[in-house]
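One structure is given below, encoded as structure tokens.
Chain naming follows the written order as A, B, C and D, and within any one chain the residues start at number 1.
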Amino acid sequence: MIIVMQKQAAPEAVARVVETIRSRGLQEHISRGEERTIIGAVGDERVFDANELETLPGVERAIRVLNDWRIISREAQPEDSVITVRGVAFGGGRMLDIAAAPERAARADAVFTDPFYLPAKPYAGTVSGSEAEQIRAMRDELARCHAAGRPVLVRIRDVRQIEAALDAEADILYLGGELMSNRALQDEVGRLNTPVVVCKDKHHRADDWLVAAEHIAVRGNHHIILGEAGTLSFEPEHTYRLDTDAVVRVRRTSHLPVIANISRLWHNDMPQEILYRLAEAAGVNGVVSSLR
Amino acid sequence: MIIVMQKQAAPEAVARVVETIRSRGLQEHISRGEERTIIGAVGDERVFDANELETLPGVERAIRVLNDWRIISREAQPEDSVITVRGVAFGGGRMLDIAAAPERAARADAVFTDPFYLPAKPYAGTVSGSEAEQIRAMRDELARCHAAGRPVLVRIRDVRQIEAALDAEADILYLGGELMSNRALQDEVGRLNTPVVVCKDKHHRADDWLVAAEHIAVRGNHHIILGEAGTLSFEPEHTYRLDTDAVVRVRRTSHLPVIANISRLWHNDMPQEILYRLAEAAGVNGVVSSLR
Amino acid sequence: MIIVMQKQAAPEAVARVVETIRSRGLQEHISRGEERTIIGAVGDERVFDANELETLPGVERAIRVLNDWRIISREAQPEDSVITVRGVAFGGGRMLDIAAAPERAARADAVFTDPFYLPAKPYAGTVSGSEAEQIRAMRDELARCHAAGRPVLVRIRDVRQIEAALDAEADILYLGGELMSNRALQDEVGRLNTPVVVCKDKHHRADDWLVAAEHIAVRGNHHIILGEAGTLSFEPEHTYRLDTDAVVRVRRTSHLPVIANISRLWHNDMPQEILYRLAEAAGVNGVVSSLR
Amino acid sequence: MIIVMQKQAAPEAVARVVETIRSRGLQEHISRGEERTIIGAVGDERVFDANELETLPGVERAIRVLNDWRIISREAQPEDSVITVRGVAFGGGRMLDIAAAPERAARADAVFTDPFYLPAKPYAGTVSGSEAEQIRAMRDELARCHAAGRPVLVRIRDVRQIEAALDAEADILYLGGELMSNRALQDEVGRLNTPVVVCKDKHHRADDWLVAAEHIAVRGNHHIILGEAGTLSFEPEHTYRLDTDAVVRVRRTSHLPVIANISRLWHNDMPQEILYRLAEAAGVNGVVSSLR
């Protein structure tokens, strides 16, 4: 951690920062420049919250030097992770074709399914059945896909659905972006052995994504795949777009496999075929699409 | 719904759109301009999904005319809703001061508490106890606040926590932005009588917010307060900012009370005092802050 | 133009809108739905400014049906435009490799040069010479490139530089995004026969870009190439990113060639090689890069 | 400047960074942590470009410690600057009311005028006359305002218009955001004594704004007012919004006066009255509006 003091910071303010650093088991390293005093905190700065130091008197800025992830970083493991499910390798050399439309299962490498989906429009005739029916439909679909030899990614939308998905022999649990903030659910998933896709939410930066993945890895589950399913766009008619930049960044920073889910990102001005090529150019290891 | 056809759209394409409109119980209204044919769908367009029509051949754009909310709109009720809890009126003329720091309870109008919070940094010494301990602490805090005559807003982070919060006599359930996509939880909250705060997530537009509120209202619970707790910023060091524009828009479009939660939006360049004044200028009915 | 009236709009408000429509030479087309009255303005709506109608009493929204461009649209010309300069075809089937580093001229299809660049940091030792020296250096560079048989794109940053660039036999004038708002300069460029690159600025949407191109085309110069050089990113350390979505949109909407300038968009997390592949996947007709 | 080395950086890479630092007249200060070596560059880091060091082998990140502005900073001058024009104080205690509609001149503190405006829509009947006519109209308007004792802010859109504006006795030159990238124009303005408003463009961060102001101050003109006229919004129907956060930041970081121009930021969901209150809450020293 590097702490930049304000120009006019008093010696007592510097002493206060030094004391805080030592109290957490780190060592200070002071460098007095002409315009600023800069204090390095040597040791494992991950015990600090940046804001914690910025609120001390006389502090202008506190800058983290280490990242908040370790297990999932390329520094910890330079070569790509490979997660193999029913013989299909996520993160191996080949880019996987994952079908969002189940009727294409036989021609795809894997299948994505979203059994607990509930529509977002209050008045769009909701035909979805009870949870019991949803679970039954999920079981049937998984059985069909497994008969065809295909692994299935099952999207869960609530912590209560994990058990039902595992009972139905889901091969991979898919956590949509809205679960990026659900630490309790991540704790549970972190204690499983089942592979899990962690999706970035529409407003998250790449680093938040890596922190969520590390959160799961720390709890013991290292079978993690990163999922990208859209970020905010500025175009008025199309709210979301594929975040190719974030994919490139996490591919360089982490050894985890990355997949893109483009099945809801296309529109009249952006056909799925082009999204597929963009995801490929960004270096993903697989694409969920409803292309036929 | 208004459907703008492509310049070169064939008569069959127009016929196909008309047929789709009629099949859903609406009536068409065709207007042939020099450069474009435009088709109006007269009736309750809420049965349509815009994309549904845009994928028909020859269609350039489908534009919704009606909004996806009705119950919560100012057209349905021109005057402000008022929700009174333990004698405190949300949405009345007075702007409420809601304390995020419980020690200030006695001097505030109401108290906000976040008993199920789990930290987001994998290595930030997590000292949070078990869920049983969280619940016990929540009960104690609510009892203290109620003894002081203050209503309490309890943030829940998962559907399983609703019951515990109600058992502890939570006055208002507070749904953070990450629950905006959780329709199952909204369904449950919609069947309660307890007032609920619906927060916009960091990447949502004002209209998504109103749709989530309507979703709850349709299920029967009309005691809804809109909550704004930050949207994406472009400044590199500060990820989020107060969304004053969205507050202004929903105050004009809906009769629901609106509160702003600024307790996590301040930073070195944006003191809470100014956030408070900005929220007030935008017209909120209450502010959650950790100001003393 | 479609005008959606407020629910409670009075008959006088409708009459006022009709009168405004007629006064501009268009015809009205009224459709009274259960919840709203909708008025279509049939004729060339481009004479209206959307805001103009939205400020009339009782109007909820005014929606444009026609785009603000005509000459440059695919409706006007379905096949791609091709602009050939010194034997090199912009917009033909082949993707052009345009060198931002002049030493690579011999191996590239064309050369990009920025002779009038002035650095943006007040204290970064500005070594740039006088304008006379800048012009002399430009002349020399153009002479060398022309000797090697390569066309040159010359970036101008001010209307006063057009003449100097043409005197030096610039093959293509390159207008950076900051000139998107400079209508006076666009007027001058519109009266020339020299091909021109019109770059989208960092905050513009695709439609603003097309409007600027049409502005030039209307004045007579149809030799227009669209240029994409970055849009805002949310990642804190990297301000800009390649706008692949906008490229895809304008390629579908317009027949003009599109090039991407990636020479300033790369950084530690985004190598130029990947930017090149992303631009290619989005369908550009050429890439300006400093790759060797 | 602080340089964070990659975990596996070789001693030669460290030596190379040290050499670069010394070659520019600064001193190094090395701190070897367990996971990273960190190098401080002590001295005036403003001679460096951050990218310059990040491209050296073994460097992970280069972080600036000093800001790129000095003259305009609160560190250089803690108290607010006051710029007085025709008896009206910009930056004094009172918030100024600046009329964008000239007919309100008599009741306002100052008048804003945009004589060189050209409309952005190719087909919106352009009624604007020749530049000679624009200049004549500007002269008349300035004469009228001066007769009423009001100072006038004149928006220029091109370097060629400076002279005409000064000839007409413009009191303050107003540079719109699109001129933030025009260093040549800023050079000229920097050599004048006339006060100048420097507007942030829609896509700029607060720091870019301060750099542009410093660029002018370095050249000698210290009569600078910062102007905020909108930044990008996410709401689909309204492209821009008032950047209250940037106003708050620059008010704290700089001693320069700040004004907001809200005359083009209002729309059906955001009345000018509320924009005015928001600007006031953010702490501006004046507001340009078309309120009556």
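Just so it is clear, a residue touches a chain if its C-beta (ideal position, glycine included) is under 8 Å from a C-beta of that chain, and two chains touch if they have at least 3 such contacts.
Remember, predicted model here, so these are calculated numbers, not experimental data.
Enquirer: Any idea if chain B and chain C meet via the same residues, over half in common, or different ones?
Expert: same
Enquirer: How big is the rotation relating chain C to chain D when the fit is done on Cα atoms? Please round to the nearest 5 degrees.
Expert: Result for this pair is 180 degrees.
Enquirer: Determine which of the two chain pairs, A-D or B-D, is joined by the larger number of C-beta pairs in contact.
Expert: B-D
Enquirer: Provide the C-alpha centroid distance between chain C and chain D, rounded to the nearest whole angstrom.
Expert: Centre-to-centre distance between chain C and chain D: 24 Å.
Enquirer: Just the number, please: Cα centre separation of chain B and chain D in whole Å.
Expert: One centre to the other, that is 35 Å.
Enquirer: Going through chain A residue by residue, note those that touch at least 2 other chains and give them in order.
Expert: 44, 203, 205, 231-232, 234, 236-237, 239
Enquirer: Report the residues of chain B in contact with chain C in the complex, numbered from low to high.
Expert: By the definition above, chain B touches chain C via 2, 4, 7-8, 29, 31, 33-36, 38, 40, 42-44, 63, 65-66, 75, 232, 234, 236-237, 239.
Enquirer: Can you name the residues of chain C that touch chain D in the complex?
Expert: Residues of chain C touching chain D: 44, 46-47, 49, 51, 54, 60-61, 68-70, 116, 118-125, 157-160, 176, 178, 180-185, 187, 201-203, 205, 211, 214-215, 217-218, 231-232, 237, 239, 267-268.
Enquirer: Flag every residue of chain B that touches chain D in the complex, lowest number first.
Expert: Within the complex, chain B touches chain D at residues 203, 205-206, 231-236, 238, 241-242, 244-246, 248-249, 252-253, 269-270, 274, 277-278, 280-283.
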